[in-house]
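Read through the structures below before going on.
Consider the two complexes below, in which chain A is the common component and chain B and chain C are the respective partners.
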Partner chain A sequence: MEKLRRSMLFMPGNNPGMLQDAAILGADSIILDLEDAVSLTEKDSARILVRDAIKTIDYSQVEVVVRVNPLDTEFGPQDVDMIARVKPDTLLIPKADEEEIKLVDTMLDKIEKEEGYLAGSIKIIALIETAIGLATVYDVIKASKRVVGVLLGGEDLTSDLGVSRTREGEEIFYARNKVATACRALKVDSIDTPFTDTNDYEGLAKDTAKAKSLGLTGKSSINPRQIEIIHSVFAPTEAELKHALRVLEVMKEAEKEGKGVCSLDGKMIDAPIIKRATRTVEQGAKLGLIRDEGGAT
Partner chain B sequence: MKTILGRELPAYIEGYGEVTPFQGAFSDAEIKTRKAVKLTSVNPTDRKVLDNLEQVFDKLNIKDGMTISFHHHLRNGDHVLNRVVEGLAKRGIKDLTVAASSIFPIHEPLVEYMEKGVVTGLVANYISGPVAEAISKGKLKKPAIMQTHGGRARAIESGDLQIDVAFIAAPTADTYGNINGVYGDAACGTLGYAISDAEYADITVAITDHLVPFPACPIQISQVFVDYVVQVESIGDPAGIVSGTTKITKDPVALIIARRAAEVIKASGLVKDGMSFQTGAGGTSLAVAAELKDIMLREGVVGSFASGGVTGYLVEMLEQGLFKTLFDVQCFDLKAIDSYRNNETHQAMSASMYGNPHTKGAVVNCLDIMILGATEIDTQFNVNVTTGSNGMIMGGSGGHSDTAAGSKLSIVVTNLIKSRVPMIRNEITTITTPGESIDVVVTERGIAVNPRRMDLIEKLRMTNLPLVTIDELKIMAEKITGVPKAVQLLEKIVAVVEYRDGSVIDVVRAVD
Partner chain C sequence: MKITKVAKAGTLESNDILIMVMPNESGKVELELESIVLQQFGDVIEQVILHKVKEMGVEGITIKAQDKGALDYTIGARVETAIKRAF
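Then we have the complex of A and B:
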């Protein structure tokens, strides 16, 4: 079963204490950051620290993602070369565009061959945070088979667009729609931008709910205390689960009886409803909210 | 000679005396006695108020080798202990034993008096700061005696700890010796740690900076125990009286530990009407209280009491109706002091009522759930809160052993690794609390239940909590940190760790 990416937690790559505890903070994925969280003078030491952390610490409970520096800086290629050799699950590529993803893909092909890793085993998440990246997001995802998701970077994107970032987030409405749609079309995950006020839990819940309502599948986070709220928003509610289970049950009955059409509580159950119910039940199963036999716990 | 936990102890320790090795938390079942108190009656025309400390010293006839006692309600703001010892040192008194319920960094001047032989003995339940370091380095002539809060009350009442003069810092005292802790500049709330001292010392002196006409109201320590009253300019600095650790932590790892601990409590089945709870004032402990509060509110549970050192957080729980009463031995912050002054369901308890094992039942015996800390834990669940991983004294039991022994469910909450040091060891530097009293160790990486508690293991197996053995926890930590080298300590015994019943559970040796 594929792992969920409801939450992706950024952790500075130059902080040994945080690297040590990163796996136990509850996030589905951790993003060990070599880019914005690390000052220019610490780039080399952080790279070595993150490499050694991946080699030493048991991160088997989480997806390990490393955000490398942009490939057009002196650090980016060095990051990819050193980090890929200890085989993180995924690389997060900043300021992603089609060309950059292709470049990383080629580098990873070479490293995987040299290290004897299965070809294509290191995945890529594209960080969409420029106007060009957003405008071409579909092609960015298609640029490599390794791309398993897109992370929307609201701060840099709005800066590139020359607009202000607000608590309500209307300025990234289009970006969220566009990323969600492209990702759904290509069946990869779409991860929302972090909510940066770490003391505003109500704002976080609203912002996460908005992202979910627009079709994004997860949210990045800059503080472990945000994880629980993000998960609670992305988890199907008990009522949603119960309804979904009933839909599937009615459908099975109808199939048994050879009926083409069925209904629940007076409403017709058609293909999109069944598809949604299936997705909800699958998610519930991944989260351990449902027993295998299908009853909600 | 060995304790039941396998610690090798000498039969006799110079400066301490004969050693009774620890034989189990409830091994001491004989009939006990309380000591008879010597007293001089105060007659109708006698005056208790003296003009200054010098007059007090003139009256007292303090001699070399005497034991003087203090309470620690003024914590790191206390001026009284230093003033008294300084005054006696000036008079050339030597060889004093200071029996203070706790010693804090503010008591640094004691180090000089230890070096000069003015103070040669120390009895306390908790010692931190420069005095702790000086003891560890062997600067105190006799081994310090480290007791528990309940054990100190027991020692005083039995006569094991004979106090010649008790100097009671009194936030408010009247002219006939009635004392309370709720009014005055140095108000500290309850005075639980001073009660046995006042009642059992040969002479009791109230030192106050808020002298009021007779009678004071309320009265927490009665005139019948107090010989003299003296007014000084200041008994303490209010900023140091209020503990700094009364806020819930924001540390994500500590919050995970707290959440897990609360889930363990819930799974134990103890969260129900009439439950009782105690936790310390540290950030993680308070976070457990916060998690427990959510569970109690969600399930509509009304507890019987919360106890111990009381913080504003417990007061809020009382005010929200989550507990019917608080048993308060010591107030940790201003909110607790206000509440104790104004709310009659916020009750005081003495250290003896709190944890003395040789009474007809201490409050710890009525406690369901206790949250504890640790500096080291061994694979037999024995806990060290006395020394740090470098072997230096940095605390002491306080109420740790008392509450662990009394409560139905004692949970140690700790990071598995602190500053690169693994918390679980094969052998710990000092045993403060025996593993038989510890039920669960909750860390961010796993939860270990004492195999003595199969009932609890069964219950936790029904949950999704990460249940492991204590050996597995140890291995998890060592995978990251490696196995630390044992600290090299000297032969010299610098402190004797007394269990609450007065037996010796361990000794502390000097550091290089």
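Then we have the complex of A and C:
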């Protein structure tokens, strides 16, 4: 079954203690960061440490994502070349645009061939954090079959747009909509920007709920303490699950009776409602919230 | 292969190790190790450091290591970084 990406936890790439603990903090994905969390003088050190951590530590229960440096810096190509050879699940490409994704795709083709890895097995998540990246996000995703998701980088994006970042996040409303829509259209995950105040749990819950309501499928985080709240927001509630299961039940009965249209509690059940219910039930199943016989636990 | 200058890598934070390497004229590998777990793991830490130096084919090197409870992968990574910085 496909793994969930409700939460993606950033971990600094040059900190051995944090790399050791990363797998057991509860996040669906961990992002071992070689970019912003590492100073310019320690890029070489972090690259080697992350490579050896991936070779040594048991990360089998999480998705291992490595954020490399931008490809137009001296560090980015070296990061891709060294890290891809130890086969992380996914590379997170900063300041992504179409050209950059195509470049990484070509580099990965070569490395996978040289190392004897299955072609296309290393995936890509595009970090959309520039105006050009956002404006062309659909093409960025289409630039490689490896792209399995988009992470929206709110801080850099608002900086590029020349606007202030606020707790309410109205300034990234359009970006969230655009990313969520493009990702849904191309059936990849859309991950929201982190909520940077790690002591404001209420703000985190609201911000996560807002992202979910706009169609984003997960949220990145910068502190392990944020993960539980993110998961609770992205999990379907018991009421949502029960309703979804009833929708599917009514639909099956209608199909048996040869009815094209059916209703539940006086409301018409049509294709979009069935699709949403199917998605909710699938997510419930992934999270183990549904018993084998199909009832909500 | 010989290193040409003094270089260091790592930190003195817990779970890490600070490695300083410098060229020497003896042609040998010399190691000075301090560790918070010297009694229990001193031999293993030494082995990991010397194995990495050998793997990289370096001779005529003095290594000063201050360990704060680093795992093997960290020790190897820091030694490799310090040596690469010292060429």
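The working rule: the second predicted complex is superposed on the first by the 297 of 297 C-alpha atoms of A that agree within 3 Å, B and C clash if a C-alpha of one lies under 4 Å from a C-alpha of the other, contacts with A are read in each partner's own complex, and residues count from 1 in each chain.
Note that a contact is a pair of C-beta atoms (placed from the backbone, for glycine too) under 8 Å apart; a residue touches a chain by one contact, two chains touch by 3 or more.
This is a predicted model, so every value here is computed, not measured.
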Touching partner for A:45 - first (chain B), second (chain C), both, neither: second
Touched partner set for A:56, first chain B, second chain C, both or neither: both
Touched partner set for A:106, first chain B, second chain C, both or neither: neither
Which of chain B and chain C A:20 touches, first, second, both or neither: both
A:232 touches, of chain B and chain C: first, second, both or neither? neither
First (chain B), second (chain C), both or neither touched by A:288: first
Chain A positions touched by chain B in one structure and by chain C in the second: 20, 56-57
Touching residues on chain B, where the partner in the complex is chain A: 250, 252-253, 255-256, 417, 444-445, 464, 479-480
Touching residues on chain A, where the partner in the complex is chain B: 20-21, 24-26, 56-58, 223-225, 288
Touch list for chain C against partner chain A, complex: 9-10, 13-16, 70-74, 76-78, 80-81, 84-85
Sites on chain A touched by chain C in the complex: 15-17, 20, 44-45, 48-49, 51-53, 55-57
